[in-house]
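Sharing a structure here in structure tokens format.
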């Protein structure tokens, strides 16, 4: 590499470096989607941190599992399968309206966006209610033993994501309903993107909490 | 180098091997460090000279090539040193593992308490199991298997002269081993922070000839003799009627609590208060009167004893050889 | 005028903060050595009668362990180590009466509890006179009170490291103490 | 802000390209509001990063005083200056504050200050989130120290081993305060990491493709990725600890199937990368300083960057070397020894490259450069003593002794504090517009350099001599008195050096020589703009033609025009090649981040005393976030009116 210019200078400069505009960017769009928006990257960053949190909980689950000769521990019933499975199915179903409102948002199609957003909100509220029921489906209180604590930790950690996503969708739906700022469309699409992640990470958690105790 | 109490003051094979490895690593590190400093120094000198000459920074491709070569050489050298390092570590690791062919090993169960040590010598005959506190005797030349348990929080068992440390973790059964190759008396410290008196959670290690060890063992197995003179009798009564009995035990008396260290042969120990004070009458008196002045936060409370009671108690404790 | 009002306002805020800080300091103090070994404080609390059902008379001694997290935790350790559970079964009651409920035969104040430990009670509670130091007595009493929620939540102990027999003391709801059904004398009701 | 153009403005509008009028227009849009309210509502990355740096140094000062008190206590055997209860609180808050309240926040703040300028953008990607991160961090730090001053300072050691830190052996709220402080600082750290990554990936100046990003920025990106993966682990662990203590979960209770070692795994999976999180930014600062003062770009750019990335990856494979004294299999231990050895290779490469840079440069030895040489001299001792600790057999002897504090201080003081002080002298002119005194700077450097060696080399020896760490005193017959006294004297030298440094900063602030835009003749974009930097950073976004943005040529810099000047707008570019891609509107100052942080604070602090606090805090946080997400009406109307004007202008 050849280096010229300032490198030879012994002392610095007083004045700032003059800037000479050579390109005009005023015709670049200000509403873009997907990985072209910073919010997509921000959401992805939070996903990484949340995935790490969940992985810490799941790792703790398997670590504790090694400490037991029988799993779940003696006199601790297995978790129910019915409610969690329904909840899982509802969660996966909630992705359909999410996909649809994200698609509509990219077309700036307000009626379709709103319609599918409200459907998504309803489905996610049902999923949240089912998740609350899942805590009793675990059939054990969090303070009974370490197995109970880690199982609760996994379900609860994901519950916070579900709750956050539900509330976020609700909030966006209300904003879109009442205001409709154009620059919110990318955020709406982002919201669906987050939902995909939220449902995807639940699947290994579901397997861990509800199926693994039946298998080991 | 034998620096008393240091990891180089070795008295057993594992410590010896580790010390050798440590020396090796220290020398390698020192040489590496010197090389880095020399390289930096030369770099600075050369560059200064260039500045004095008024030349520009040297960014010619041929210089870059030479520098790349030098950096590559340094990197390869580092890698080679590290290979040696990993190999030496692995070999030493093998050398300090529990010798599977060990004959007649002694097994001692160590339990950590906040802030003292209990040692239980296992024997094939259950009636020969021996429990002592804060004092570990081992026979020279005989491998000792050490089982590490904890009653409350994590402590760490460490006799620098014999071996590296291992933690005592509640709910886990950790093990290590030691073997003294020469007689000696050493002080060992708890090495994992364990609360207020971590600093003064110590014990005495006595490595002695097998004959002496057997003698010590037999004497420790015996119950305390009943007090003979009147002062000691009164001291015994103080012990069992006042606060002492709530926590301490003396075999052969009705004192049998296991909250604090057992005291059956307290008078034969070199130190009291988990290795914090030499075992003298004055120290013992000070300690009993108010342990909180000597080890603030220790679980033993101040004891309200009249001077007469205290003297009698000390008389009695001094008979517990 | 205005300055003065400001000063008064800030003074009030400062006073509240100072109170909060003082409370925090008191709760967290580790008292290693402030009970004088030569003057057993419980001497003042001894009952003048051994009749059951008579709570101690009004006393001037104040327990130093009330509301102190360290003391309550020490009391909890002593309670387990001295095998109080042998009779009281982790507070659930066995040979001795339960300690987690709101029934107090001999009174629920710290002084009452100390007196019970020192004097012993009929039907099995031995006397620990001279065997437990004043400080330890207050610690035990504070812990016993925390078992039925009579201590403030913040300084009360969490779960123990070991098998779980009961809800930990800091989650035990406050239960208004009352004299045992068979006894007539009312006990002071108090809130932490 | 008024929608009506002022007469003066109309006057300059006749010449829209005049720099003065451009400056005024941008300044109007980008500056903070006036007064205290403006301070509380600021979303400018420089304002927030600067107050964050000052906050971090304040915590550094308190934690340093704690260290000095500990050294006084240890100066002679059986000293009764400080008892075990206070001593334990001091060393725990010292370690926790240095790690969580100083080291990580300060390097992240330096990143948040300089990364946007170095890559040529006007603000970080999420300005409000950035402000929120600072407020959370501030609450966490104040929580820890108000704990200490109310005798509720954590006293279990900075890595909080259970069961000592658990409900059974740490009564009161001391450990809970520690656990919540962790939660606060982890939120702040994760937020800052996302800021840095997204800003660097999406807002680089046109032409600054990834292979032209300055090594300093690379270091910050690697650090941010590590934060993103490592910090959730400690946040999870500390949440588990708090729950064990508050609602009787059984994560760490062996009798109910929990495990004390689970804590150690979770903690060190974070805790080892933590050390690298702290010093990789140090390596970045060294890169920046070495290049400027050697008058040439860093030798071996690709090797340095790849080494940084490699260190980031490898650091996640080392955590077990903190646990060699626990029951683990021999094979596992050997693996971690080998991994620890491997990380020495990229670390070595970076150091060799800097030596090569100096070698072929013509360096000036101003104070920043002295700190770089000090870094090489100290950090190498830290790294090499680390090799002793990573070797299982030797580790068994010297772990948990005074060797360890000696080692970690060589690593952190050498690897992070020295580069940071170098960076302080280097960038002080950029931040304040004034130079620091060279003479005072050199004196304080030598005091610190000698002080660090006199303090911590004896600690290495004390460890070898068998002195355990974290002891509040030691017996007279242990023979450790002399070395401890030496170490305490060294601490005095460090304190003196720090005092001089503070005096230097204060004097330079008040009466330092004016710095000008570029006092050192620097390589990277921050030296293109005036000192202190204007609120909008760059009047036009510069276009970058090579790795050395300012050394590529001497004349004017090519730049991009067309960003709106009537509202906060930034240029987004593509991730790999930094091709202009879109414009993005940025939020105006707002109080919402502070309110959100307060809501989180209510939840986490009240939650210590009553679980209902978490629920209340959660609800409050949701309300605050709703306000956050709500469209800003005033901003829109203002923007519209401004748009009319600008249209008219065209």
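Things to note:
Order of writing sets the chain letters: A, B, C and D. Residues in each chain are counted from 1.
Quick note on the criterion: a contact is a pair of C-beta atoms (placed from the backbone, for glycine too) under 8 Å apart; a residue touches a chain by one contact, two chains touch by 3 or more.
Quick caveat: nothing in here was measured; it's all calculated off a predicted structure.
Closest chain to the protein centre (all Cα atoms averaged), using per-chain Cα means: D. Greatest Cα centroid separation from chain D: this falls to C. Computed from the mean C-alpha positions, the centre of chain C lies at a distance of 46 Å from the centre of chain D. Each chain gets one centre point, the mean of its Cα atoms, and the points for chain A and chain D are 27 Å apart. Averaged C-alpha coordinates give centres for chain B and chain D that are 38 Å from one another.
Of all residues in chain C, those touching 2 or more other chains are 30, 32, 159, 161, 164, listed in ascending order.
Residue positions of chain B touching 2 or more other chains, listed in rising order: 56-57, 59, 152, 170, 196, 296-297.
Looking at chain A, residues 1, 3, 7-8, 143-145 sit in touch with two or more other chains.
If you check the complex, the residues on chain B that touch chain D are 3-8, 14-15, 17-19, 21-22, 25-26, 29, 32-33, 36-37, 39-40, 42-44, 46-48, 50-51, 55-59, 63-64, 67-68, 70-71, 74-75, 78-79, 82, 85-86, 88-90, 92-93, 96-97, 114, 152-154, 156, 158, 160, 163-167, 169-175, 187, 189-200, 276, 296-297. Note for the complex: chain C touches chain B at residues 30, 32-33, 35, 37-40, 74, 77, 81-82, 130-133, 135-136, 161. Those residues of chain D whose C-beta lies close enough to touch chain C in the complex are 83, 85, 149-152, 163, 166-169, 171-174, 244-248, 250, 252-256, 609-610. Interface residues of chain D, counted against chain A in their complex, comprise 125-126, 129, 190, 193-194, 197-198, 201-203, 206, 228-233, 235-237, 240, 243, 247-251, 253, 256-259, 262, 265-266, 295-297, 516-523, 527-530, 538-540, 542-543, 546-548, 550-564, 569, 571-572, 575, 580-585, 622, 625-626, 629-631, 636.
Residues 83-85, 88, 156-157, 161, 163-164, 168-169, 254-255, 259-261, 294-297, 299-300, 303, 325-327, 330, 333-334, 337-338, 341-342, 344-345, 348-349, 351-353, 355-356, 358-365, 373, 376-377, 380-381, 384-385, 387-388, 391-401, 464-466, 468-475, 478-479 of chain D are the ones that touch chain B when the two sit in their complex.
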